[in-house]
Amino acid sequence: MNDFPFLLTMIAVPAVGAAVVAALPRGRDVLAKQVALGVSALVFLLAVLATIAFDAGGDRFQLTTSVSWIPDFGVDFALGVDGIALVMLLLIGVLVPVVVVASWRDTPPANRSMSTFFAWLLLLEAMMVGVFAATDVFLFYVFFEAMLVPMYFLIGSFGGPRRQYAAVKFFLYSLVGGLVMLAAVIGLYVVSSSELGEGTFAFDALRQIEIDPGVQKLLFLGFFVAFAIKAPLVPFHTWLPDSGAEAPIGGAVLLVGVLDKVGTFGFIRYCLPLFPDASRDLAPFVLVLAVAGILYAALLAMGQSDLKRWVSYTSIAHFGYIALGIFAFTTEAGTGAVLYMVNHGIATGLLFLIVGMLIARGGSRQIADYGGIAAQAPKLAGAFLIACLAALALPGTNSFVSELLVLIGSFPSVPVFTILATAGIILAALYSLLVYQRTMHGPPRGVLLEAGTGPTPAEPVGGSGTATVTAPAPAAARLRVRDLSRRELAVAGPMVALIIALGVYPQPLIDLIEPAVAATMSDIGADPAGVQPATDTEGTD
Amino acid sequence: MDTVPADGLLAASWLLIALPLAGAAVLLLGGRRTDRWGHLLGTGTVVAAFVLGLLCTFALDGRQVDVDLFTFAATGSLDVQAGLLYDPLSAVFVLLITGVGALIHVYSIGYMAHDPRRRRFFAYLNLFIAAMLLLVLADNFVALYVGWEGVGLASYLLIAFWHERPSAATAAKKAFIMNRVGDVGLALAIFVMFAQLGTVTFEGVFGSVGVLAGGTVTAIGLLLLLGACGKSGQFPLQAWLPDAMEGPTPVSALIHAATMVTAGVYLIARSAPIYDQTPTARAVVLAVGAVTLMIGAIAGCAQDDIKKVLAYSTVSQIGYMFLAVGLGPAGYVAALAHLLTHGFFKAGLFLGAGSVMHAMNDSVDMRRYGGLASKMKVTFVTFGLGYLALIGFPFLSGFYSKDAIIEAAFDRGDGWGYVLGAVAILAAGLTAFYMTRLMLLTFGGRPRWEDGVHPHESPSVMTVPMIVLAVGSVLAGFLLVVAFPLEEWLAPVFGEPEGAEHVVAPLVVSVLVTLVMVLGAGTAWLFVGRREVPLTAPVRVSPVVRAARRALYADTVNESLFMRPGQWLTRALVFVDNRGVDGAVNGLAATLGGSSSRLGRAQTGFVRSYALSMLGGAVVVAGALLAVTAG
Amino acid sequence: MLSAADAITAPSLSLGALAPLLVVFGAACIGVLVEAFGPRERRHAVQVAVALVGTVGGLVTTLLLVGERQVTAGGALAVDGASVFLMATIAGLGALSVLLFAERSLDPARSAFVAAAAVPAGSPRDRELLTAHRVQTEVYPLATFAIGGMMLFVAANDLLIMFVALEVLSLPLYLISGLARRRRLLSQEAAVKYFLLGSFASAFFLYGLALVYGATGSVRLADIRTASAAGGTDVLLVLGLGLLFVGLMFKASVAPFHAWTPDVYQGAPTPVTAFMAACTKVAAFGAILRLLYVAFGTSEWTWRPLVYGIAIVSMVVGAVLGLTQTDIKRMLAYSSIAHAGFLLTGVIGYGGGADGQGTGLGGTMFYLLAYGLTTLGAFAVVTLLRDGDGEATHLSKWAGLARRSPLTAAVMGLFLLALAGIPLTSGFTGKFAVFRPAIDDGAWPLVVVALLASAVAAFFYLRVLVLMYFSEPAADGPTVGVPGLPTTIVLAVTVTATVVLGVVPGAVLDLAEQAARFVG
Amino acid sequence: MSLTHYLVLAAILFTIGAVGVLVRRNAIVVFMCIELMLNSVNLTLVTFARASGTLDGQIMAFFVMVVAAAEVVVGLAIIMSIYRTRRSASVDDANLLKY
């Protein structure tokens, strides 16, 4: 079954599905949902089968398909996955069905139909699969840019009040990055044509060629800018809070869970192997951005008054850890970083979903508008707590494993940065528990308060997250809040299960990821076998 | 350290963790269905774990048994196994945790009887037991860290159990955050070990720590200490422990007195091979212990909240233990002995306090107690025994364990030895003072109860555990120090005890301590026993008392040093991000738009101005070409 | 002094090579005759037929020339890959434009063109003609002449022919841009501006021609090449090049010679705007490429910096000025200025290949084809939105179009994404095709600028998308006319081309690369 | 008189024409200035033809005249139509299209 074109099918199925859903007549939303669910479930199944067919110990790229596409540019429609891409495909396979179910009851804005929403969603899925499965730089770029369009429409058509601003901002930020990358892509092609005689975009061929260090730096920067905006690293990050806040929950989950991972994926798949020297020379500069991002975004997260902006900022902080792991150039940290990409997708996905359920109940995004929910909706509170604990990387949750690997792997090579990053886990605890306490603990208050049973909700204090806590409602105060419905449990349950399962037994994923990372490390001349103990009796630190 | 693979019963020692964990899972996932019998299941799993622990301990006979479970995370040269190490040291802790834990579970059946969320309470307790057992059974630092943060989570959940109370929620958060500060230290210590030695297992680290440079070892030691301070409420991270009393009293008894807060002591004792290499780190441990035990004792003298007094006493007692482990090989056993006895009598005291609060409608203000001796005989007796044990009344458990520590301090021989010994003795006096004060305020004198309070003895499901613990606190010391010396039991871990020649004769120490204790108790009687107790704390008091009430301004310092600047920084950064970083981008867009409309003005619509622009352009073009060709 | 001794020897004429031009111009002449003698009621149908036959015939006969490489008509015409490709492009786009002209079902008065251009705008007679179904058909022969001129323009191997072709293509354009049926004042103004500035520019071109002639003693591109190889720094020659260049850049609406573009694009009848935007650009760039590569290829270093700078100016001016436009036709005009800059980026990629092989030529020609089709389609969509007085070109009218007519919005959206250069559309392939040779030639800073400029430009395309999709429809919104067969064909062709050239451009790229040859 | 004089004269004429386009308002006059530019080119061409002793330049001059004549026809038509509408031939009045 190795010769079955999994990847091609995984792109084609949702693309066709999108066409079908889009073709459905208006008012057939239910059918649209069912089709979307079916298609995304099928993709998940394919991802699982592909994982079974994949031999962790085998070649770098497997399940490959390749047909010549634009011969004049030396472009092939070449697909293939290594462990890194494969786990991302699994993540997509898991998240999209969950998102479909989560968006089941969403009501579209005035005279828009949900079937359009699901059509864009499926198209987005196809693009995302493509971007991770491409082994041809040009093809990667094409998916990288084309991916913007569905997300642009998801945000712009189904988002919050400032969705137009957010959509355009998202598009332009990514486009600018992408265009700079395009210059580098072309440059890479030109270099290859001068090195190999005729130009190519094939990743494996490009990985072999020796590029002059100066040129490498330029090309690296070209790619880096695009990925740093996508990931996003501080200071290229300000589009994410806006998009994350305005996007519909489903879109936000995929945006932060998968789309942004393309940035970090790009670092480890393209920046490192293609430009090893430049990567090594510029690593300090990247690490500064990464660690600065961890602390800066964490502090900002504490200052947010908007739940969705808060989640976005926590993600920016997490992307800092991923970047740190990638640019520490050790197998342990690299593996950790890739694992982090998966885990963060699940954990933050859950966080966004729960926040969405909360907003669905209260109709407000302001943290200050909620309070004391745990007393009346224990399931909701419990799921939220688990999401928060995953966000602060508590042992037992999946995030812990990846964060541990990243930090313990980075420490030997970049101790100072790692120490700073480790200090970040205190801030993580702060921003997670602050919001959890404000929304779930304390006496009942906020918008959900039953009429007449308590004081009016506090006006949210803009910007600074120190929401004015309303005076405790009288004992009679109760909230108009129902606990998780069956459908919502079906959304949160699997995610929670994954968080725990991958937190207790992550080794299978690690086994998938490590060979690819090790190969990358040997590409940049780091020891693929991992850190060798210093055991210097001179006493370092 | 040479371990043998697990066999027979010990191979199943993972059940110790699995049982309570399963209990927690069932209770949490089971939902309302389990409400009726949930507490029984929760208690059952812990009792079962205790029995299993006993059997395992008997099967141990001095070996150090390694139980391999599965590969947790292995990549590159990092290999983290999920494995257990069952040796005399962990065995001691297993028994303490499951034993005291079981008792407190039983007690809680009664104490939480009327709480609508009792089921979840037992789930959290089970979760704690599981995490704590993992902490003490782990065979490598990462697994230990997992348990380490696991107990932190349980503590968070239980402190915030009554989360409608903002104070409880805040206390829980505070506890978690300050623990996290410590955790960073522990984590960094692990990183250094991996970077330097390439392993994180106890066996590997302790086996090769000798080759490391002094500086590195000291660094590891200090980082571990930071972790220990966070978990055990030691200076400078002691401020969270008193606030943690917001949790239900059984929680205070189990987690914040008997077991979790002693994890720091366990960590340092477990890492003895590291500390043996670094006198510097040991000295710092000593200092921390000494400072903390004084802070705790002083603060304890001025509290009116019965649980706060006990909390500060806990801080102070753990200070003793730190001081002891800081003394190195001489002190480890003493520290652990005191840890065990403290586990008994402090748990007992807390349960007693809980029983009292039950009687007083959950009021914790001792100024509104008084004269309860007659109303609650069992509580009075058990509490009294615990009290005597704590202040070190001769031949009760505290007497043995505390004296051992003080002797060990003197045995250092040098000047510091005397200083530490003196401090320890002085603190013993303070302990006697504040505990006597507590006794008098609570049980002595005449009633100062609020209206509608009708004290009554607690049900037997609560009193029985109190009695058991009281017995324990009477006998434990004798058993552990004289009858079945802990030294010998722990010899496989800390090596054979060498009969240290004493600088100051033990008898002298004992007499001295007893005298100071009597002195402290007497002073307390002079202060509160004879006079009328005001219903509200007097306002016009000496700065010393004020400082003691504010626990030497620990919170003030934290707030003004970290919290406020942090909040300020956050606000500043939010501004920077919106106006600065984002503003720059939007500003760029605005600039483009502005220049667009400004340039647009050039498009006047007049043919002749267009012609002019063309002519200008032509001139420029020609000029450029000529310039290029000319030069 | 001519002596009787020299007999007149007729230059060799290869009729095959001239066939396309003959067909088109022939059709134009027939058109004039029809205009003069044909019965009025059937005139329109006949004229359309003639024009279509002419252009399509021109296309077919051009395609017959594929692979030809010769200089004919006494060295005046070059029939080579490049000229064949470009002539075919022009003929094809021309045919499509004619279809747009022929649309009868959109305007209630059944034509976008004035009934009687001579009648003063606003006069009672004019008002009555406005609603009358009478149409005037001189636009077809005029357009056909223009198309013929353009084809000649790209094939001219001789500056004089180039000049004549320039005039032949310009004069009809001046006229037909004044023929709008509605908003005649704007239309006439556009015509005047275009005419005055156009002839001003051709005066420059002509003076340049004279100087080059003076410097080299010939106007044959081949002779100029040899001469410039020898004396690249001859002041006369360089000045001549400059002035010729000015004339051509005016036609290509490259900043700073772009001033006329927005006004004329806005004022002219939309089908004519589409025609100009698509075909004139192709013709002008064809001439620029031939002039620079063939005539001045050996002294590349003289013009390279100039083109470099002008490309940047054009891209920046087009992108930035487009940001604040409120009229869609004007916006597309500025976008065409920006695209002229991108095209110049391709021109920069002159690798020094003597006959244009392996240079930016192929990429630039592909870009011209792709851009021509896309922009033609975009303007075709513009003709669909109508309100009280003709087309609704103000952007505010486009709000919520996706709700009114999803298909129209989707088609326009596709064209906008293509203009923005999003992958899987022809626009992206084109950009890639021109940027690659530029970087290959070491001009990566120019490319980076170009990319940033296209990011800025993307903003105003996005603005239209936002209006169409994310805004609520305006109450007094325009109606979306149901296009007749001709416009439908145009839209179908352009949409298909935009997608195909984006998804599977291989074949056409191959063609362009094969065709990228000049006869020197 | 050397040929240079003719060239300079032609250049001057060309410049006069160009400046005329810039300064004159009346469309007809502007157009005449353009014609002047064309004719200055003719002079240049003829001069060069004379210089190189070939006839090409002079032939080209004829071409230019023809083209110029065509231009006149088209141009006057356009200007006429707008004049009829606006009752003014000033190019400055025609600026509805701007910015």
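In this document, chain identifiers A, B, C and D correspond to the written order of the chains, with residue numbering beginning at 1 in each.
One rule holds in what follows: a residue touches a chain if its C-beta (ideal position, glycine included) is under 8 Å from a C-beta of that chain, and two chains touch if they have at least 3 such contacts.
Bear in mind the structure is a predicted one, so any value in this text is a computation, not a measurement.
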Most central chain, Cα average position: A
Interface ranked first by C-beta contact pairs: A-B
Relative to chain D, chain with the most remote C-alpha centre: B
Distance between chain centroids, defined by C-alpha means - chain B, chain C (Å): 79
Chain B-chain D separation of Cα centroids, rounded to whole Å: 96
Where chain A and chain D are represented by their mean Cα positions, the distance between them in whole Å: 66
Chain A and chain C, separation of their C-alpha mean positions in angstrom: 45
Residues within chain B bordering two or more other chains: 600, 603, 605, 607, 611
Where chain C touches two or more other chains at once, by residue number: 192-193, 196, 200, 262-263, 459
Overlap residues in chain A, where contacts from two or more other chains coincide: none
Interchain pairs in contact, sorted by label: A-B, A-C, B-C, B-D, C-D
Residue numbers on chain A that touch chain C, as the complex places them: 68-73, 110-111, 141-143, 145-146, 148-149, 153, 156-157, 163-164, 167-168, 171-172, 175-176, 179-180, 182-183, 186-187, 189-190, 193, 218
In the complex with chain D, residue positions of chain C that touch it: 2, 117-118, 120-122, 160, 163-164, 167, 171, 174-175, 178, 184-186, 188-193, 195-196, 199-200, 203, 206-207, 209-211, 213-214, 217-219, 262-263, 266-267
Residue numbers on chain D that touch chain C, as the complex places them: 7, 14, 17-18, 21, 27, 30-31, 34, 37-38, 40-41, 44-45, 47-48, 51-52, 54-57, 60, 63-64, 67, 70-71, 74-75, 77-79, 81-82, 84-86, 91, 94-98
Sites on chain B touched by chain A in the complex: 28, 70-78, 120, 142, 145-146, 148-150, 153, 156, 160, 163-166, 168-170, 172-173, 176-177, 180-181, 183-184, 187-188, 190-192, 194-199, 208, 211-216, 219, 566-567, 569-571, 573-575, 577-578, 581-582, 585
Residue numbers on chain C that touch chain B, as the complex places them: 192-193, 196-197, 200-201, 204, 232-233, 235, 238-239, 241-243, 245-246, 250, 256-257, 259-260, 262-263, 301-303, 305-306, 309-310, 317, 320-324, 456, 459
